[in-house]
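Labels run A, B and C following the written order; every chain starts at residue 1.
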Amino acid sequence: MTAVVLLESDLLRRALLEAVLVGALCGLVGVHVVLRRLPFFTLALSHAALPGVVLASLAGVSLFLGSLASSLVLVAAVATLGSARRLDTSTATGVALAGAFALGVLLQSAQPGSSRDLTAFLVGSIVTVERADVLLTAVVGVAVAAVLAALHKELVLGAFDRDHAAALGYRPLVLDIVVLAMVALTVATSIRAVGTILVVALLVTPPLAARLWVDRVVPMMAVGAGVGALSGVIGMTASAEWRVAAGGAIALAATAALVASAVAVAIPRQAGRRQTSAGPGAVLSQ
Amino acid sequence: MAFADPSDPSDPSGPLALHVDGISVRYGRHPAVENVTLELSQGSAMALIGPNGAGKSTLLRAVLGLVPLAGGSVSVLGHLAAEARPQVAYVPQADALDPQFPVSALQVVLMGRYRRVGWIRRPGRSDREAAVAALGRVGLDDRAGLRFGALSAGQRQRVLLARAIAQGSRLLLLDEPFNGVDATTSNLVVEVLSELRAEGAAVLMSTHDLSVAHLTCGEACLLNRRQVAVGPIDATLTPDLLAAAYGPQAVALAGGATVVTTS
Amino acid sequence: MRGFLLDPFRFGYMQRALIEVVLLGVLAGTCSVYVLLRRSAFASDVLTHTIFPGVVLAFLVGQPLFLGALVFGLLSAVVLSVATRALGADDDVVLGVMLGSFFSVGVVIVSRTTGYANDLTALLFGRVLAVDRAEIVVTAVVTMTVVGTLALLHKELVLRAFDPVGVEALGYRPVLLDLALNVMVALVVVAAVKAVGTVLVIALLITPAAAARMVCQRLGPMFAVSCAVAVVCGWLGLAVSYDVSINHGVRAASGASIVVVLTAAFVLLAALGAAARALAARSSPPVTTPA
């Protein structure tokens, strides 16, 4: 019944499609975020998008490009701070995150009627997506997936054994930048749907759920994308049914998927443990 | 790019597998390695010996091009190190790698072939066969499908050696390969290294296990930031020179043997 | 210049804001040093977002927001300390999941209630100019509690940050020390919510110590510089936002202004520190070892 309601309205149909696309893209790219320990950096990327978005809207330019541009500035800033070696990466990221975001808030607060926009930036407003936005999401999604597929083995190598990658003649820094660029593109695309803070949830939770089921990178990406897309559907449905914020519902659906996976995977293992000693290659019992 | 003909491994007229000429490495303002020179012929093995912090790992990383040189030069098989990368294989210590990472042993070994495979393409059948064969040589072909982190420490070390074998390089650099590994692994590694030498590869290995060094290597380089000695192993690992390198850690025993304490 | 720095504070509401900001400066300046030493910038950031549902629930049941923030702050600190320890290597990922789950719960609950938009904005971004006497008293109490506790645990916290293995070997339990710091961070967040909001409070927890680190090598000076930076930037931030809003007609949110000034101070000190080190390096040759 609610599913039918979702599919009947043009607006909600678009929102549902956007939710599925964003969910799948985040679930896919999120595998790299998890493997390379990038959740905090991703949070910084999403916060740093704000000044770019504000400036872009002031200049009448595409918001997507604005958020990308300021994300790139953030990457440069953190790289510079990190290379100075006085601060560890997480502290440098924190300084950049807070500074960039405050700048954005300041710029935005100078405009009238700004608080609603700021809040929408933080928590998402998927029901305001236009057809052009969905198209952009689809295009970005395909492009990012293509890049990740083409460079798959090199990116995994760089994540697993940086020194070996360098010894083989690759430039680990270049590989890092490629991944960060893909994450920045994903974040810029997904902020509209789930907002700054919850985009990190969507990038981290589905891959983590996938990791409980599978033990290799490619399957992790497939299951992650699937869980992400499913979270999009369930979240949108819940949002329409119970009239709650879509962004929050989608993120919460992903968390529920993680919890369900943890439980589902733990039960047979507990039962098995009572019969025999722990089997080989168990994922969580290391 | 042509490399020396492997059919005559002990050909003295072939280019040196490795020529390190007066290299120095500095971290910030502090020297880690000062003015080290050594030569390694194809088919030979040299042990890099020295106390902790002596710069053994740094020297290996410098040869690999992972750290910038503050002076001197490195050449591999007659070419600049940067151009000869495919010919240099690195076997690091396995504990630096994340045991939870979702890759199988076979996938790790395949990583050694990536340069041959090239960008964008996937490893092909010949690559897989080479990887499986390499795993077979280290006695792990039945574990190819297991996750890398699910293997024991010694098995992981062997996988990294297999990765270097799969790369098909003429020069192998090993960083403390016998650290914390079981007896099976030790024996296997010694055996495999001597096979590789017979096939014409050169080996540079850092270790602080003197008996293993004697077992596997014909030459040694004693290092304590500066080069204390280099040459045939029996002439280099003498009590006097070991005392010079290790200082108070070297203990001379009655009967002329020297023992080095690890502290 | 003096007018710029003192004029705004003729007004009662500005004076109260200033007192609040100075107290927070001392609080943040102290706590951020421990956060820096422990490298727990992300954990602290997650804590700032996990108190959000607590605040929402407090509002819904008509309790003071401070209480909701406190309960959830403590709850989060406990869950965080336990979860990161239990799942070991994947800290960052666990933190990401906590961030997502707690914050999305808050968002979902908020979206069900109408007429909450204004309060939500105040919570997220702060409203320091509306601080009243009672809130100042609360901030003062929190400041004394946190600074006092940190002073008492100083050497253990430093040891834990520096040598996680050694501290356990000596018989301490790292989990409890982490919990203590996380609880202190939660209290800072609760106190600072009013001034800068949950979204910007992370700046107070990280930037002052980071700025101090760029010019100090030792702990003692670091605490002093960190507190000084936090207090001065709080003052300046208020003055700037007042000046810009009143004298130039451009609305400038106070909380955001403080954070921007703080970040600028960081950049300034980073540049100064780098310049000082470059000069020092040029005047002395590289270290050589005796033969």
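Here is the rule we use: contacts are C-beta pairs under 8 Å (C-beta built on N, C-alpha and C of every residue); 3 or more make two chains touch, one makes a residue touch a chain.
It should be emphasised that the depicted structure is a prediction, and the values quoted were computed from it without experimental measurement.
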Centre of all protein Cα atoms: which chain's centre is nearest to it? A
Between A-C and A-B, more contacting C-beta pairs sit at A-C
Distance-wise, how many Å sit between the C-alpha centres of chain B and chain C, to the nearest whole number? 48
Between chain A and chain C, the Cα-mean centres are separated in Å by 25
Quick check: how many Å separate the C-alpha centres of chain A and chain B? 40
Chain B residues touching 2+ other chains are 98, 100
Provide the list of chain C residues touching at least two other chains, using ranges where the numbers run on. 90
Hey, which residues of chain A end up touching chain C in the complex? 34, 37-40, 43, 81, 84, 86-88, 90-95, 97-99, 101-103, 105-106, 109-110, 112, 115-116, 118-119, 122-123, 195, 197-198, 200-205, 208, 242-245, 247-249, 251-252, 254-255, 258
Residue numbers of chain C touching chain A in their complex, please. 36, 39-42, 44-45, 49, 90, 92-93, 95-97, 99-101, 103-108, 110-112, 117-118, 120-121, 124-125, 199-200, 202-203, 205-207, 209-210, 213-214, 250-253, 255-257, 259-260, 262-263, 266, 270, 273-274
As the complex stands, chain B meets chain A at residues 61, 64-66, 85-86, 88-90, 92, 96-104, 107-108, 111-112, 114-115, 117, 119-120, 122-123, 146-147, 149-150, 163, 167
Contact set on chain A toward chain B in their complex: 35, 150-151, 153-154, 156-157, 159-161, 163-164, 166-169, 211, 214-217, 220, 280-283, 286
